[in-house]
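Chains: A, B and C, in written order; residue numbering restarts at 1 for each.
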Amino acid sequence: MKKKLLMTVVAALAASLMIGMPFSYCAAPIKIAGIFALTGRAAHIGTSQRDAVLLAIDDVNAQGGINGRKLEMVMSDTESNPTKAVIALKKVLESEDVVAIIGPTLTGTAMAMRGFIEKEQIPTFMHSGGDVILTAPLKKGDPSSTPKWTFKSPYKAADAMGKICEYMSKHGIKKIGFLYSNEGFGKDGVRNVMVQAPKYGIEVVAQEAFQPKDVDMTAQLTRINAKGVDGIIAWTVGPAMGIIPKNVKQLGIKAPLFECHGAGDPIFWKVAGEAGEGVMMPSTKIVVGDQLADNDIQKQIVLDYVKAYKAKFKREPGTMVAYGADAALIVIEAIKKVGPDRAKIRAAIENTKGYVGISGIYNISPEDHNGLAMKDIVMIKATKGGWKLLK
Amino acid sequence: MLVITNLSAHYGGVQALHNISLEEGAGEIVALIGANGAGKTTLLNLISGIIRPSNGKIVFNGQDLISLAPEKIVELGIIQVPEGRLLFGPLTVKENLELGAYRRRAKADRKKVSKDFEYVLQLFPVLKNRLEQRAQTLSGGEQQMLAIGRGLMAKPRLLLLDEPSLGLAPLIVQEILTIIVRLKKEGTTILLVEQNARAALRISDRAYVIETGRIRLQGKAENLLENEEVKKAYLGQDLRKK
Amino acid sequence: MDISQQIAQYIITGLTIGAIYALVAIGFNIIHNATGIVNFAQCEFISLGGMFMYTLVVPLKVKLFIAFFISMFAVALIGALIERGPIRHARSKEIIILIFLTIGISEVLRGTAQEVWGTDNVGVPGFSGESPIHLPGGAAIVPQHIWIFAITVLIVLMLHYFFKRTLMGKAMRATAVNRQAAMLVGIPVNRMVLLSFAFSGGLGAVAGMIIAPISTTSYDTGIMLGLKGFAAAILGGYGNFAGAILGGTILGLMESLGAGLISSQYKDAIAFFVLLLVLFLKPEGILGYGESEKV
């Protein structure tokens, strides 16, 4: 009798262990590295993107993982700092066997990590806004030495800038001022606006910089305004997204304000408050899913994703979430297709064609490691605490 | 009034005082004489609670002082006028005097404090015209007067004077000594540390001679003045002058 | 907009930011004078002030006026606890060790703040609306600028009164001048040091609160403002009360005039250059004079 009871207990215990870890028991997990700006000035972006990636991974694991193996993310923090980003990268590559990297968040951190990634030959899908991470040569003086292993999910800044200029020229804006944060992403914006604006017959009459942590930009805006501009583009992410609209309002500047393709995020309203009203920006469709035309092939995908995101994190996703999600989904798709092999994953990502993501339809090729086009971008206007899709 | 028994103290690992025992009655002037570094200042700082003894007892009017915070010792009426004056240089003369009465800032004391303020100015009339001047701009003699004045503002029952004549012109020294005698007459008990042994012994009732942290001699001041050993060691200069 | 109007705008902006730097610099000075250390937790006082006020005003809907005082006293209390705990009980009293200790405390506070509030920047409503006011000179401000000026001036006057007219304030100055002498007149020196930390906490919190409606606030806003305030303190003469005000004002003006008239790209470099130049010509800072009056 006693023996029987003991056997039952042992069996129950074994069963509970089996249920508790169905996959890890069978096979070791496939690991990817997630490198985000979890603290520091871009923390609000990094944490959004981390959540988006976590959601994608949970999803895959809930469906049984990849070939019975669980997917696991090893997470590290760049602290929004290029040096720390490289340290985090080296650390994770030394200590873990990862097949791909997702992140980092900021252009500056991405630039610092690029060289090492190429050397280590590990496919990396970045969330950084600046185009330089794809276009700048790795070797000085050799324009063909662009990265092979790096991809990026957000729109090319050139396209986002083009989208703004296109909108401006449609609305008769001809003379603009450009205000940018004096770091990787902002400087990338300067290069882009100087190329894109002339294409649409727009003249950039003022370029002003500020430090990413500055608390007041009225001096720069006064200078811009003195040039008699009829439009202003502010190219930055972080708290400055909210400070600039406040300063514009304070100075009574009438010229409309445009921000970058990272501004369409709930954080914008948190930092800008009422002053945010009327600011326009290029964005993914994630923040205006319900305003999309019914025949938009992204509409259902976007709405479903937003629903899942809200259910898991109890808050509204911003445009940054879309970039995070797409990076993760494309990487997962590639691993599913070719298995946990770095070179094969890289090739599979490079071969992604017609992938309908949240940010747009990705057509990645050896020449284009982003794969999105200007048509994927929408212009939105900050309206009453939310977003209005502009036609 | 003050009873010190077997007091020892260490200073950075070195024993600075060895089993010092000392007594002072109310109304007395007791002088501590000895060479530089003999431990006189250490003894005063032990009484004031600035440093802690390694052994021994300090009792003031029946109350044990060891482990009392410096401000509590001030409250009991034991006031030190430190060597080198230690004035609050950038503060005005008036502020220095006000701070002397820091422990007496209760409303009830206010009248008495302003009376003492008048008393100090009457004692040291030179300070009167300099009340708004920064203390660091005073001459050496004036600074010493201010230091004593600041001490008096605390209404001392026992005044610890550390080298009040240090670095002052003879005339000023005389003036300060006269004031010390006057304070005694008005009822203040005084423990006087002096290198100017002759001057100290002249105005004291009793004295202790300290050498390398130990009490070497003690007795009535007038007897010590005649003591050959003291004469040789501490009054030598004067002898040669004769 | 002609050039004189622009300059008026740059000056107004510079003075506003300068006022914040000055408050932070005074906070650094008060603790320095009482203890001889540089308290890097000052940066966290700024962030905490902003975040406390945000929490009270936005999610908890407390009246702004009340929230202001609650936050100020709360951060002052945190300042006092820092002194009462780690600083007072540090086994080593060496200045450099205590400074490192404040860096550690600063990290702990920031980490805790990050856990509590997350990393997002958040906005705080202006103390009396955000509709711009156009000044006669051609400059435009928002009401918050007036609040920043008024509160800074009021605080400076109150501190001046406290340090010059009250016995407690004089006792704090006396402690700064000579600790042992302060003990000998019966000033409870430890309590003065405690008070200096509470003051600095309160001042940092006020700086963080009055700038928050303009700059937004987050768990780490204080780092940049704190370092600028530190630079202002050095510029004016570390430990000097009037120097802190002067240093803050100069730094604020340099930044905004530099950005407006010379180059926005190099505005920090310009301010930094002036700082270096001053320190090269007068290493003790503009109003620093060695052992003389502090606080």
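What we mean here is this: a residue touches a chain if its C-beta (ideal position, glycine included) is under 8 Å from a C-beta of that chain, and two chains touch if they have at least 3 such contacts.
Please read all numbers here as calculations on a predicted model, not as lab measurements.
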{"item": "Chain with minimal offset from the mean of all protein Cα atoms", "value": "C"}
{"item": "Pair of chains ranked first by number of touching C-beta pairs", "value": "A-C"}
{"item": "For chain A paired with chain C, centre-to-centre distance based on mean C-alpha positions, whole Å", "value": "36"}
{"item": "Euclidean distance of C-alpha centroids - chain B vs chain C, Å", "value": "43"}
{"item": "Cα-centroid distance, chain A relative to chain B, in whole angstrom", "value": "75"}
{"item": "Touch list for chain C against partner chain A, complex", "value": "1, 3, 6, 9-10, 13-14, 16-17, 20, 114, 118-123, 125, 130, 132, 134, 140-142, 211, 214-216, 218, 220-221, 223-225, 255-257, 259-260, 264-265, 267-268"}
{"item": "In the complex with chain B, residue positions of chain C that touch it", "value": "167, 170-171, 173-174, 177-178, 180-189, 291-294"}
{"item": "Footprint of chain C on chain B - complex, ascending", "value": "48-50, 69-71, 74-75, 79-80, 82, 86-91, 95, 98-100, 102-103, 105, 134, 136, 150, 154"}
{"item": "Residues on chain A engaged by chain C in the complex (per definition of touch)", "value": "38-40, 43-44, 46-47, 182, 208-211, 213-216, 218-220, 222-223, 225-226, 238-239, 242-243, 246, 249-252, 267, 270-275"}
